[in-house]
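Heads up, the next two complexes both have chain A, just with different partners, chain B and then chain C.
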Partner chain A sequence: MSDSNSTVRWTLNGTEVENEAGMTIMEAAKVHGVDIPQFCYHPGLSIAGNCRICMVESNRSPKPVISCSERIAEGLEIKTQSEVAVDARNSVMEFQLINHPLDCPVCDKAGECVLQDHSYEHGPDRSRFVEDKNIRHTKELGPTIDIWGNRCIVCTRCVRFCDEISGTGELCVVERGDRSVVDVFPGVPIDNSLAGNTVDICPVGALISSDFKYEARVWNMDKTSSVCGGCSRGCNVEVETLDGFVKRLTPRENLDVNDWWMCDHGRYGWRHLYADSRLESAQHDGQAVSPTGTSGALHQLLSSSSSTAFLVDPYMTCEELHLVRSIANSLGGSTIAGWLPAAGTEETFPGGFKISADKHPNRKGAEHVLGSDLFTASADQLKSALSNGSIDTLVAFVGGDGFEGAGGEWNDLISKAGKRIVFATQQGSWCDGADLVVPATAPLEKEGVWVNEDDRAQRTRSCRSLTSNHFPSELVVLQELQVHMDLRNRPLSAAGIFRELSETSDAFSGHSHSGLGDSGSPLSQRPAAMSSEGGHS
Partner chain B sequence: MSFRKIFTPYIHEDKCHSLKFYQSKGGYEQARKALNDWQPDDLIETVKAANLRGRGGAGFPTGVKWGFVPKQVDKPKYLAVNADESEPGTFKDRLIMEKNPHLLLEGIIICCKAVGIHHAYIYIRGEFVFGANRLQNAIDRAYSEGILGENCLGSDFKLDVTVHRGAGAYICGEETGMLTSIEGDRGQPKLKPPFPAVEGLFGCPTVVNNVETLANLPYILEIGAEEYRKIGPENSPGPKLFCVSGHVEKPGVFELPMGVSLRTLIDEHAGGVWKGRKLKAVIPGGSSAHVLTADECDVAMDIESLAAAGTMLGSAGVIVMDETTCMVDALLNIMRFYHHESCGQCTPCREGTGWLEKIAHRIAVGGGRIEDLDLVTEVCDRMVGKTICALADAAAFPAESIVKKFREDFVAAIENGGSPAWVKRHPANTGGAAAHV
Partner chain C sequence: MTVTETLAFSDEAMKKYEWLLSRYPTRKAALLPTLRIAESEFGELGVPQMKYVADLMEIPPATVFGVVTFYTHYRRAGVGKYHLQVCSTLSCALRGSGDVVSRVTERLGIGVGETSECGLFTLSKVECLGSCDTAPVIQCNDDYHEGLSLEDVDALIEQLRQEAGKGGA
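Presenting the complex of A and B:
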């Protein structure tokens, strides 16, 4: 017997092991490095037990049991590699494939398809099925989701997602037997803010994103682990690019932030990166400035300024804001304020997922770096200083998707400064008449740390390809400016700047880029004795 | 003691379904005693002692099933009466509901008293329009006479009975499939555990019993467990309704003691094989059972004997096939049913039932290959015991046994370019369908 009630001693493939009571065989086996295949099982959804691929041999049952739903028990003996278990898996694979069209060469899921993976590992190398395959519908289920019914294996992950996570319940299984297929009710398309997740969790190519359809073979894309800048939730995402261009965003598992999901606003919200109005090069008095000359022009304008104000945006990383602070400090007598775009609406879902009303990925971080009154008292002071013309030079950061600049009121006020330096992602009225326009990076192109609404620091990483001929990021331009101002010998990586920040700021002290890793950390949770690390990662 | 019919003694009499008639024959006396004189635990013990076994197909001991329901729960408990009788070859519950509906209601009252249930649902097959109306009329009458409702038969026991009509799906006769259907969802079986006795209808403890099972209860109370056990074999006693259909002179429902010989049932009660022909095959317990050859028919019709013979009593739907039957066509007919009725939830059943039908169809129309016979057996092996409910088993059992026991019919169909019926209709095309495979 085990020593405590909370652990269970059982046997996995002949080895006696211990696990916490209440775990399923599948979860417990994973702890011991035994991966059991799965189609219908998803950790974020209820157990359906319908695909049967996870069947294993048990000493407690004459038939193989499904490891996604059976729980471990004292004395249970499970075999995952016995003849019974292997044959059960192989038979499920054979059944799954008989009516599957095997159209992998034209299927968008190919390369990341669970059916392909399991077929390779457990499936037969040829089919005994000589009959005609069943035909099921191919159609639009909603504005962003199509279904290729022939590929559907009726695992019902998508149906359960819409029932349990988004709570919208648009999807259902229609028909019976091998005619079963996922569908929507007539006139009720799948159109909710989380719909895109159904494509991610589809283990085959049945649900297809109409946005990504035929855009890329998944194995050709580069992946960057980043953070969505759509709101202050900070969903962990994978940015997938082909030849340097973003093709799609998919959620990255983080149980402290977004579980396995992301919303469609974030998922499809990257088109502005390639808008025609995107700024690609710096302009000084209407003349193009070379990428290497930007910081020089910036230095020239600032060194002749009598009073300088900085207007920062809540999309800037903590590193960029730290650089702005140190530049402003060395200039003397300069002020820093921030602008906030309009708040959106909060959306919460039955599964616990939340889209924040606060659309600013780094408002919290900006307040930590530059003071809690950055967007309030400081902003009001700057507004009045700009309206009465007491600002000689204004350095304005106009980031985000940038189609509206900093918003109506600020756009008018920006033009009241004597001299204007505008870091902008998009062309617009805010650039008109500016002395220097510097192209700015948008979310997904930034390298650094954002702090989300729960005070969690997470690294956002640039999806820009190192080999492409991009304009230098603000991180580089601002550091080059520091070199011109004799504040720095040479530019550092974002990790190096973050170390400087953590050494000067209480809020960030103890944290480092490598410590934050892929999934980030609450600022209050400081790693012990890790201070000497993180300079050159 | 000579055998006394309890379900069907008066079915040929006028108004046999009426409350007045039922009461004139002593109806509701046992329910009245159960409500007023019996303790619930004693009722359960008596049913256990009588060794009443479920008549729906699985043959689970009824009293034991009742015992699984937790005694102290703060949720309501339900009885779900399975009247979805849709197993091919089965038509016994229909007879009870149409001719003797008050017998079922009396059984329901006894069961509900024993388990402490105050709401019973009767899930009746959608096609049984007449039966559903009869049943509803009987329930309405029982309410107006104070047999059901707030004070059942003058006791302080409250019981409501609701008739829920199905919509034509075989899978809703599976107990958890039936529960999801009553709940208003797509009728498909649920994972077990939790079992219905603990978490069934609307998430509450639920007893699921077949119509015929419940109809036994008044008789058990009347004669006592000991006498009841003397009817038929010790291990599965009681009176039983046998449905005989197919190639017999006198098809119908026969009430006989459990354990009657299959040969006697066919030859004496059902008038023997029709048109003076010879017997070829018998499916003894609804289409889900393994088929028996003519030589295997000297078997007692009870749960243990049929299990020993490699088949099952099931719903006691005896389908008789004469010597002119082509077993390829029989297989195709049965597989078409299971393919059509598989709910599509579990992979082996969803894909396997369709595959089996396609193979059977191909052999029947002249495209068969000799290796298909092994393929059928292997596909069946891969379906049995690998799904949430027993529908995959129900499709695989007849398929593997028909192919195994009547292999010569299949070999003939493969060699002659199709089943005899197909060849007769398409003499010119013989072998043509084989060409495309």
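Presenting the complex of A and C:
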């Protein structure tokens, strides 16, 4: 018997191993570094057991068993590389490819296709099928999703996603046998805020995003592990760029935040990066300022100011806000307040996913750095100070997708300041008549830390490249300003600034960029040992 | 086959449906027999009929669509008045179901999966009808026609035509 009730001793490829009772063979094998191939199994969905690629040899069954649903048991002996197991996979692959068109050269999934990979690794190198392949529909299933039915291997991942995670149930498998294929009910397209995830989890190129179709071969794209700025959830995402331009966003697994998913607002909400109204260069009194001259112009304006106020936005990273705090402190007598974008509607789903109504990715972080009344009492004070004309110079940060500026009321108030310095992502009324307009980075272009609505600090990384835009980020401009003001010798990287922040702020103490890593950490969970980290730019 | 906007079960059908619900563990589990009721109430299971059942049972219409198209036994929209389902599984195949299919095709001028121009007949090939001892078998709507010779096939078609009152069609 096992040592304890919760541990099971079993044999994997001739080696005795132990795992927690109740695990499937596939899960348990993975713990020991043995990856068993899978099509229909997905850790976020119920087990369907229909594709059979995960078959392994068992001492408890005359025939191979499917490891995605069979559970480990005391004395179980599993072989994943025996002749029986290898043969089983080989046969399944031959069957899977019987009606498959093998149109990888024109398929958007090629390069990240599970069928391609498994065929290469486990399949026969030729087919014995001489009959005609059957034809299934190619059509639109919804506004963002198309299906290439011939490629569908009927794993039902997408159907289960719509039943279990989004709870919208638009997809089904129609017909039977080799004619079966995924479809929607006539007149009821797949149209929900999580629909894009079905494309990610389709193991083949059957479900295709109409947004990404024919846009890039996936192996040519560069990936940046970042965080979505669409709302206060802070879903972990992978930003994929080709020649410096974003082509698509996909979710990055984080079981503490977004599981394996992201919403369509976030997924498709990046085109503002390349909008015609995007600000690309700084302007001083209507004249273009060179990228290297921006901080000098900024310094000049600030040094002649009698009273300065800073209006920050909740897209700014903790590092940027930390720099603003230090600059404001050294100017003396200056005030800082923040503006918030309008709230949206909260959406929750049966699978536990939530889209937050609050569209401010770093409100929490800003409050930790600059005070809990930053967006409330301080904002009200600044509003009245601006309306009665008592602010000499205003430095306003108008980031985010930027199309609405800082929102109607603030946009009007901004223009009431005597002198105005506006950091903005997009051109608009908030820039009109400003003394200095500085191009700002948008979400996905920032390097630093955001704190989401659950007080979880996460690193958002920049997908910017020299091809897409050239202007220096706020992180650089603000530090150059500090150099002008004799507050700093030389600019540091975001990690270096964060270290300064963690040394001066209780909320962040003990945390570091390297400690936060790819998946972040609740601020309350301080790492045991302080990690040292270089502040080189 | 009356498809109106006010598609609804009769009182009697509704009673039967409610009784069904009491016999199944979940509402969704009663889908198959409910579709049978819908079929006999509405004559066929087209888009409006499937939608009606989905709304009635509070399940996504896609679920109903998947089930209806999975089984060969439901009357989908566009099926002729007489649905000739020729069994093509082993016993029937050995006893000449291939010839039965060819005979129907010849007599009616329709291939498998097609409906005759007059709208009376649809020809399908189906899997074992569970009547192997009387192979070959045609299931026409709800009735079995067993131990068929090719002459029996001719007679069956003739009889159905008469029945439909369209002798020369």
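Quick note on the criterion: the second predicted complex is superposed on the first by the 527 of 537 C-alpha atoms of A that agree within 3 Å, B and C clash if a C-alpha of one lies under 4 Å from a C-alpha of the other, contacts with A are read in each partner's own complex, and residues count from 1 in each chain.
By definition in this document, a contact is a pair of C-beta atoms (placed from the backbone, for glycine too) under 8 Å apart; a residue touches a chain by one contact, two chains touch by 3 or more.
Not measured: the values here are computed from a predicted model.
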Chain B versus chain C as contact partner of A:V188, first or second or both or neither: second
First, second, both or neither for A:P105, with chain B first and chain C second: neither
Contacts of A:E175 with chain B and chain C, given as first, second, both or neither: both
Which of chain B and chain C A:V154 touches, first, second, both or neither: first
Touching partner for A:G332 - first (chain B), second (chain C), both, neither: neither
Partner chain(s) touched by A:I47 [first = chain B, second = chain C, both, neither]: first
Residues of chain A that lie at the interface with chain B and also at the interface with chain C: 172-173, 175-176, 180
Footprint of chain C on chain A - complex, ascending: 162-163, 168-176, 180, 183-188
Complex contacts: residues of chain A adjacent to chain B: 47-53, 55, 62-64, 69, 87-88, 91-92, 94-96, 98-99, 128-132, 134, 153-154, 172-173, 175-180
Complex contacts: residues of chain C adjacent to chain A: 47, 50-51, 54, 59-66, 69-71
Partner chain A, residues of chain B touching it in the complex: 169, 171, 186, 191, 339-348, 350-355, 358-359, 362, 375, 382, 385-388, 437
